[in-house]
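Got a structure here, written out as structure tokens. Questions coming.
The first chain written gets the first letter, and so on, giving A, B and C; residue counts start at 1 in each chain.
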Amino acid sequence: MGCIQSFRQCCDRPKNTNVRISLPAVCFVWQIAMIILFGIFIRYNEESDTHWIEHKTSNNISSNIENDFYFRYPSFQDVHVMIFVGFGFLMTFLKRYSFGAVGFNFLIAGFGLQWALLMQGWFHSLDPMDGKIKIGVESMINADFCVASCLIAYGAVLGKVSPVQLMVMTLFGVTLYAVEEYIILSLIHARDAGGSMVIHTFGAYYGLSISWMLYRPNLDQSKHRIGSVYHSDVFAMIGTLFLWMFWPSFNSAISDHGDGQHRAAINTYLSLAATVLTSIAISSLSQKTGKLDMVHIQNATLAGGVAVGTAAEFMLMPYGSLIVGFCCGIISTLGYIYITPFMEKYLKIHDTCGIHNLHAMPGVIGGIVGAITAAAASKDVYGTEGLANTFDFMGKWKDMMPTQQGGHQAAGLCVALCFGIGGGIIVGCILRLPIWGDAPDNSCFDDDIYWELPEDEENNPPTVEYNNHMRSNAV
Amino acid sequence: MGCIQSFRQCCDRPKNTNVRISLPAVCFVWQIAMIILFGIFIRYNEESDTHWIEHKTSNNISSNIENDFYFRYPSFQDVHVMIFVGFGFLMTFLKRYSFGAVGFNFLIAGFGLQWALLMQGWFHSLDPMDGKIKIGVESMINADFCVASCLIAYGAVLGKVSPVQLMVMTLFGVTLYAVEEYIILSLIHARDAGGSMVIHTFGAYYGLSISWMLYRPNLDQSKHRIGSVYHSDVFAMIGTLFLWMFWPSFNSAISDHGDGQHRAAINTYLSLAATVLTSIAISSLSQKTGKLDMVHIQNATLAGGVAVGTAAEFMLMPYGSLIVGFCCGIISTLGYIYITPFMEKYLKIHDTCGIHNLHAMPGVIGGIVGAITAAAASKDVYGTEGLANTFDFMGKWKDMMPTQQGGHQAAGLCVALCFGIGGGIIVGCILRLPIWGDAPDNSCFDDDIYWELPEDEENNPPTVEYNNHMRSNAV
Amino acid sequence: MGCIQSFRQCCDRPKNTNVRISLPAVCFVWQIAMIILFGIFIRYNEESDTHWIEHKTSNNISSNIENDFYFRYPSFQDVHVMIFVGFGFLMTFLKRYSFGAVGFNFLIAGFGLQWALLMQGWFHSLDPMDGKIKIGVESMINADFCVASCLIAYGAVLGKVSPVQLMVMTLFGVTLYAVEEYIILSLIHARDAGGSMVIHTFGAYYGLSISWMLYRPNLDQSKHRIGSVYHSDVFAMIGTLFLWMFWPSFNSAISDHGDGQHRAAINTYLSLAATVLTSIAISSLSQKTGKLDMVHIQNATLAGGVAVGTAAEFMLMPYGSLIVGFCCGIISTLGYIYITPFMEKYLKIHDTCGIHNLHAMPGVIGGIVGAITAAAASKDVYGTEGLANTFDFMGKWKDMMPTQQGGHQAAGLCVALCFGIGGGIIVGCILRLPIWGDAPDNSCFDDDIYWELPEDEENNPPTVEYNNHMRSNAV
């Protein structure tokens, strides 16, 4: 008891937001560590190495176009845009936190992807011959995916944490992600092409748990800054639209070559289209005069992409995708209207961007849809070869039945939830230490803490003087 | 006479902009209808189905890279960006209608593409074996194309209609488009890779006719809101540039594999480059001191992409593309200067975004250029196989001559015009009914009617009070 | 002496910013010249010509997917986005020069790419059989690359020149580029996939030399306009992010099919990630309270992409890329803090966007890294075939050694520097003539000179009157 109390007292010391030592120190130390670890561990794989020309001959590959680069690079670029512009701009909606939204998003994504290449490499692409990690285009996509989970978590704590805290959160987030992903995909053998469980469920609960641990009872003091202005809402729509448009690439980026990627793109395309309509419908219903709320349009319209992630490469069928999108648009929008205020009031979880509605709930739904779809798979629908191919019933899993696979999918979902919540609570405790330079309660959501801001024209001292001058004349 | 008069009276009842019942009702009913129809009709095609692996073997396809996905998906994504970011942001130029521009664009595109998949599927990809529509990446591109025509139409009525009207307009627009497209491409056997006729001419005249039917004599009351502010013009440039940059993908997205796509991209790239120079030249010439007008830069620079649409996959030759772009930049900019005001004053057609200059005229020019280029085609230039390949002189059309093809192209243009104007007038009549929740004449171009708006800082009541307080002190 | 003095007097005549004759004249004359030259010289190459179908048969190409279009088109589109949105929006940071930034960028890129197709065609793809230039997707990428060097140069003179000056600067810039590129790549046989030397070093020194020649001693009169406002900084981040994200495509766009493109993308991805961390670290260190400066985030984070350009397709190794990015982030940010003010004060070079830090220094570093990496190449690392393939040791260069290649790379860098500085001085002299319509010293960085500006709401005369009215009442 005494121990907890003294920890709490320690955490409640006055805040110092000067990050001049801590931020550069963290950046330099970690970047140098990355260089050393990359030097020891990371090499090109056979498709990005100059020996590709020999590899081609020895593997009877007829053309350079068979290089995985041409299968996946366009999708990689779309995913890359989602990570940096999509997530970055989606969070610019706050009236005075656009720099922090897009800038810190940039910082943690830039760091996270390097650490992700290492962590994921150790688990998935370590070459037993020479102990090196071999990377290629698929590694870059996976690194971006991993980073996505940390950016989702950032959404819950947007405006309330320092860049140093974000770096720490990303370091642990990526580490947890790699372990969780390894357990779900390799040990449990669940399939999760678009990461409903691995990325969204994990990332969202990780962020929510951290936000719970960092709960600020006096956040009301910054309440006037939680809101948008007209143009910041338009900026946020840039993020929304790039996420929405490129989500088919996200869900298909690492699916199987051929029909797998093709089908994943179609399913996601359809699911997202349905979500738009139901989000707008519920948004309009929720207001007295039927007016739409930009928060719903910016966020809930994306829920269908999250929820179709796991099942995107399965034979979900076009109408199945529409149904998933239909339901998620409703649930996500209702979440913004009812659940977010409830969570803040009763559960002491403040969720700046509403990631619970956009990622957590749709992610869990996605996991469940995946489990059901997998369990219902049959040779009639998939074909014998197609079934084995889609669910990777090969090697040690070659006798697996679709119903079993459904169970494995469900198990995967539980693992994602546990890692998200458990990891978030632990990391949240660490982040409560008063050494990270986060803002006091009355300065949250304010770029002025961490950024040199330009003098805005309307608040320009000379202009004010000029106005005063005019005013005195008038008087 | 009496009938028309009573219709008119009925239409002139006071406006009620509350869409709280109608908008959600339309969204839900239509989305549920989509789910049912998709359940009955829509399945994956052989390239996106798990049976692809067997299809490959039986068709002697050597590699997954031969899946149509890899030929067309990058272009699809570019087209997708044009539809949602391109058209959406192009219309954000109005000072207080950015939410409506980008938000309603999102809504009707999300709905339209589902309905387009069905309508186009019934006409083009119904499998006679099982009565199902088989979809793949090309269907998604075509659905996006179809939606583009409705978004073009939206440009004419931007700010003057309710979201419910837009949904109705899109429902009929997509239906008309599918019929018109079937007649032009399949019955008449015209070629229209980039849709100068099918998409742009149809869409623009459809929108202009609707705008004519919905003419508001007292729109002057909202005149002060028809205009931009500095930053809304910069937002609109995002739309312009994404349309401009990705237009080569638009025109090449469904061209023939290989040289067809390649040539279409080159022709469009060149045509657009020439348009930029002549638009800017005419814009500068039109002002006393040579200043440029953002409206021209935002819109007229795109005319070359429209006009080269039909002929993009023909042997238009690089200089031919430049000539098309050269002329269209001039015509389109002159249209903004002279024809738009003329149409409003004398023809009672108010065209908010000037789609007559950006889509209608260049679309017709594109149709004519296509007809001439087709008629002038020869085996000398195209090669025997190339000619048959480019114009699809196969099956029942195998004896067709290029000159005949020119005639068919011209016929196609007429069909597009008729469908656009005829359909627009009918749909316009329907939209005049006073049940759709459109804004009164003094509240057009105002997001406040359909959107919950954030309090802007400068108009914030507390700030004003604070200023007043300061002011009294000063006095 | 007298001659120089009279030239100087002539240049110091009062400025006339009316470009109503000169701008349209230049646009029309040059566009017509382009049409004529394209008519005489430019044709489709065998991959974009209808004879492709015969070419396929005669060259034993099994599938349309082998068309170069499918290897390069996705990268081309990314590069295209960098040119128009990336460079365009990066320069929108000034509070009142966003129209000029994005609009003139559009103008000169649109013109430049046509002239580049011709100039580069004469040097590189002239068909000796018929004297025609044959263009395809690679030509379009190269034209965009060439334009990039002129847009970099624009960064140095942003806000201080007229559109006519920019057109002239682009005409000469493209010409010089084509010659320099021919010397470096073909005569000297240096490799430069991402153009560290050919594009960035040349472009940056070209722009800086011009800025030096156009030095305005009284630019202080426009000082209050050199700065950003909150939203203009967010707009600039759109440019930054699209440049950052698509840089891997830039550096890999014209690399060798297969492993070359694959490796170039990976190296660039990693280098840029490292740059983000070190830029932010130095930015934070440079301020008393550790606050970040948006200028650094917008610009210095890109330096790693520039510096890895030449060596991107070599076996730089993942850790090598990180080291390059690490160093460049530091150097570039320090450049913004120390070198830019120094250059302005002591060297009389005013560099609006800081291209010396973003392109010049990293470009030179990139050239040096390329030379070292090439000199250190060995058959152990590359493999025999890989070495010949990567460095193109074929034909007349088949006996070249890696150490020699290192020397050739260094020679290439010197050529780029000479062309940039020399060409810039000459073109700068031409641009000093008082006939180009540039702004007087007190009207720089102001869109009002060349653009019809919308009345902004806050400065709206009616609103002001309304306020005055309220004020008098209050008094």
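Note that a residue touches a chain if its C-beta (ideal position, glycine included) is under 8 Å from a C-beta of that chain, and two chains touch if they have at least 3 such contacts.
These numbers were taken from a predicted model, which means no experiment stands behind them.
With angles rounded to a multiple of 5, the C-alpha fit of chain B against chain C returns 120 degrees of rotation. At the chain A-chain B interface, residue numbers used by both copies make up under half of all numbers present, so the two copies contact each other through mostly different positions.
Averaging C-alpha coordinates per chain places the centre of chain A 33 Å away from that of chain B. The residues of chain B that reach two or more other chains are 62, 65, 70, 74, 231, 238, 458, 471, 475, listed in rising order. By the touch criterion given at the top, residues 17-24, 27-28, 30-32, 34-36, 38-39, 42-44, 47-54, 56, 62-65, 67-70, 73-74, 77, 80-81, 84-85, 88-89, 92, 96, 98-99, 102-103, 106-107, 110-111, 113-114, 117, 135-137, 140, 163, 231, 235, 238, 437, 449-458, 462, 471, 474-475 of chain A touch chain C in their complex. Chain C contributes residues 62, 65-66, 70-71, 74-75, 78, 95, 224, 227-234, 237-238, 241-242, 244-246, 248-249, 257-259, 261-263, 265-266, 269-270, 272-278, 280-282, 284-285, 287-294, 297, 301, 315, 317-319, 322-323, 326, 381-383, 385-387, 389-390, 458, 468, 471-472, 475 to its touches with chain A in the complex.
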